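Down below are the structures I want you to see.
Look for chain A in each of the two complexes below; its partner is chain B in the first and chain C in the second.
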Partner chain A sequence: MKGISKYTTVVKLGIQEAVEYRIDFLFNMINGCFTVFIQFFMWTAIYGTSENDVLYGFSYPQMMVYIIMAGILANVTSTGFEYEIADDIREGTLSRFLVQPIAYFPYRTVLFLGRKILAFVVIVVVSAVTLTVLHFTLGAEFAAMNILLTFLIVPLSLLLNSVIFYCVSMAAFWMTRAWGVFQGMGVISMVLSGGIFPLDVFGETAKSIFMLLPFQYVVYFPLNIICGNMNGNDILFGIAAQIFWIVAVYGLSRILWRLGMKKYIAAGG
Partner chain B sequence: MFTEIKKHFKIYGHFLKYSIMEQLEYRANFILGIIVECTWLCTKLLYVFITQSTGALVGGYTPDEIMLYVGVFMILTALYVGLFSWNFYFFSWGVSRGELDMIMVKPVSLQFFMTTRYINISVPIPNIIGGTALIVIAWGRIGLEASIRNILFFILFLFGGMVVTYALFLIPHLSAFWTIKTQGITEISSRMWDFNNMPMQIYNKWWQRLGVFFIPVFVITNFPVMALFNNMSLLHLIWGFAVPAVMFIGIRLFWKVAISKYSSAGG
Partner chain C sequence: MAIIQVKDLTKNYDYYSKEQGLKNSFKNVFNRKKLIKEAVKSISFDIEKGEIVGFIGPNGAGKTTTLKMLSGIIVPTGGSAVVNGFKPWERKKQFKMNFSIVMGQKTQLNWDLPALETFYLNKHIYEINDTEFKKTLDGLTEQLDVADFIKKQVRRLSLGERMRMEFIAALLHKPKVLLLDEPTIGLDLISQRTIREFIRNYNQETGSTILLTSHYMGDIESLCKRAIIINEGVIAYDGELSHVSDTINKIKLIKVQFTEKVPKSDIEKFGVIKEYDGVSAVIEADKNGLKECSKAILDTLPVVDFNIEDIPIEEAISLMYEKGGETEE
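Let's look at the complex of A and B:
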């Protein structure tokens, strides 16, 4: 019980931080809107002059749902704690976690999820408004069950992205300045998760390769459920794959942590 | 006047020399910077890839014309990131830490010193290579036979676009003289850069007017390309020449107002 209570305290800490930095969250949302705004007009122009009503397997209303929801979801699943972990390793402040009765990975994950609770509530409301507007303006159709399933799956997407970037942050054990790795990985993850465009735009060969990676389960998979491109079996398989990747990437990060701790000298990388 | 210009050119040469020396000293960071920029470059190429694979017209531009447009956007991104953006970020950081004191007493323009001293070498490399390649390929495919007048206008508007970029993207950073934390505003303004990713013709008339005449972000990439394709209206042509001058004078006056708020202790 005591073990759980210390993590509930960390969750509260995360929520407090999110409330304190709410303007930062607002600015991030506005930034995300710019990308969606450009894509909205670009796809409208493309669909307007294309001979086909369906491009890459998406009708115009489906594509609008995808790009708007991808902007929202990519925003809410973004991490940023990898820079804090790198600072902990470089400046030696990781040492205090080694002597405190709290494990570093659960601490970071729970803090991250706590920070995202407020964002999650906001995106549920924003998404509900967006989907309603798209339904009445463009005639986009959604099954209520699919929307519900998506929002049940989003916490798993959050967890998956958090373990991926926790794993990436282990690079700081070997590199004094790991910002380049984080930034590069951020862009790669954004593209391969379907956070900018649906993975279908890359063509069948590239898509089949990307589907073997964990990134697609962060954005592409939940959004395909909303767009109605998945049946019950696909959804069940997707959830199982999400859980598999969370366990597998966490396992990899544990190995890297053990190797990294042998390099750690508590005085900077 | 001539001596002053000559002096500033000489100083700029020193800035370039020291920037190269500094960045080559940290070679791993230099190479990492190139790799990170390559990943960004790939996201820009995605837009070309999509237009090529759908074959659709985007804002009246054919896929090959879009390729040329994105190439010009990459070149301008290289110039913006290479020449200005680092300086703007360091500038607002320096203001918040009260670090202008020692620079103010130097016998050189403070604005010139603070906004041009760092020249980023690594980030522009992939953009220049990628941008040039796209322009060359697209030029051949379109079979563009631009007249000397069009090419001259293209170069002039490219230079004008740089001046507008300098003025427009420096404005948010000047807020550092009033508010210590400028990150939110500057992040939003730097995202505005992405509006150049696609031709302005994809937006409706009101957005176009806003982006050309009020916040002239569309002038930066659209005007050089429009000049090359010879599809500029007379109003756009006049505005294309006027707006860099207006913006440059405007930013100079705004700088003078902003600098008077400097208290050397942040904010």
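Let's look at the complex of A and C:
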């Protein structure tokens, strides 16, 4: 039990940091809203001029649900700790974790989850309001069961995105300045996860490739459940794939970590 | 058996060199010259339980590299080290539980939160029980006189205050072996003294073993009986500190600035001139006649600024080498 208590303490630290920087969190939310606004006007225009009611397999109300929820979900799953990890590696602050009886990966992950708890609570409330509004204004239909399922799956999405970006952070062992890599990966994962629009928009071929990658399980998969595009088997398969990817990417990160440690020189002094 | 045993410890770093200029930057993209720097070359020493040993040397001598190997942060290229019964770089939990390192230029505190939060985190990391934690924390905060700051965001602390917090964070689990890398760097005299006194008391009360590097001879002189001098990756001296201080203190540097140009010949009689540019000079003077010499300089020359300093460690080392033949048996 004693081994666990160090990580629960880290969770609490994460929550405290989030509270300390609540204004930053608020602005992040507002930033997210802008992207959604732009999308809202764009898709309204597209559906308005189109002769079909259903585009890329989404009706207008479904598309609205998708883009709004994607904005929210992309926001809640976004990491940002890759810059901190790179700093730890570059500045040598990583040394602390080699000297103390605490492992770096669980520390980072748990701290990240702690920081997100507050965001998660806010987002559940915001989503509930949004979905209710969409239901009454556009007549979007949701199965209560699907919504419930999504919120059980979102923590897995969060974990998956955090292992992906933990892996990406390992680039800092080889590159003193890895910001370009992080920003590039940020954009790639945003698009490939379906965080901007449904993957269907990219066409069948591209979609079938993207579906083989881990990114889609971060946003596209949970949102398809909410939109009601998935049956029971698809969902079970998706959850299994999500767990598979978490384990696989985690495994990759361990390998990268071990290789990286050989390069680590604990700079300074 | 010695608590720290170091035998033929060696560390090489790879690095790349680049000639000055844009052209060479492009050249380096395709063809980088890989070079090897021998930071530490086959050093050996033992440290007994309860000792405080000063680890001295100029910048880049290999002090920090050695400390990093002894704490398990980096893996040596060759040789062996046993600290408290463990190879540090195997990073065994039992080793970590009895070990700590404080680096003056690094922090283990969370800058966004008060230091108290880091202390609590360390409490859990090192599995310290509540009563023990409270007792140790109270003791340390009282000795370092920081009760007022432990609830203040670390970002807002002064360097002196923060260093004291680093010590608390590093000592909560009562490490048997403590490495200190430049713990007083950049601190004012009062903070330096507080930290020195604290280290001395801590060593006496707990019997912990301390290996300390510092740029300030004052730190080393007030804390250590024994000194290990390292220069260019090899051990230049290992023994009584008094030998070292005698050598270092035998000669002092007098730095003077004049209001007007003073001919070289007027200064020469006071001692060996190390630097001279007409309106300022650095004079090497024997410690024994320092008082008379200073007085004479102040009386006879038009002095505006006057300073007495230790000779740099690099010079002390070469001096030790010179007289090494006669004093070492």
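What we mean here is this: the second predicted complex is superposed on the first by the 267 of 269 C-alpha atoms of A that agree within 3 Å, B and C clash if a C-alpha of one lies under 4 Å from a C-alpha of the other, contacts with A are read in each partner's own complex, and residues count from 1 in each chain.
Here is the rule we go by: a residue touches a chain if its C-beta (ideal position, glycine included) is under 8 Å from a C-beta of that chain, and two chains touch if they have at least 3 such contacts.
Since the model is a prediction, treat every value here as computed from it, not as a measurement.
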Contacts of A:Gly228 with chain B and chain C, given as first, second, both or neither: neither
Which superposed partner A:Ile196 touches (first chain B, second chain C, both, neither): first
First (chain B), second (chain C), both or neither touched by A:Asn31: first
Chain B versus chain C as contact partner of A:Phe41, first or second or both or neither: first
Which superposed partner A:Ile23 touches (first chain B, second chain C, both, neither): first
Touch list for chain C against partner chain A, complex: 13, 64, 68, 71-75, 91, 93, 96-97, 99-101, 103, 105-108, 110, 112-113, 117, 120-127, 181-182
Touch list for chain A against partner chain B, complex: 23-24, 27, 30-31, 34-35, 38, 41-42, 44-50, 55, 177, 180-181, 183-184, 187-188, 190-191, 196-197, 201, 203
Contact set on chain B toward chain A in their complex: 28-29, 32-33, 35-36, 39-40, 42-43, 46-47, 49-51, 53-59, 183-184, 187-188, 191-192, 194-195, 197-198, 202-203, 207
Contact set on chain A toward chain C in their complex: 2, 5-6, 8-10, 13, 16-17, 20-21, 91-93, 95-96, 98-102, 262, 264-266, 268-269
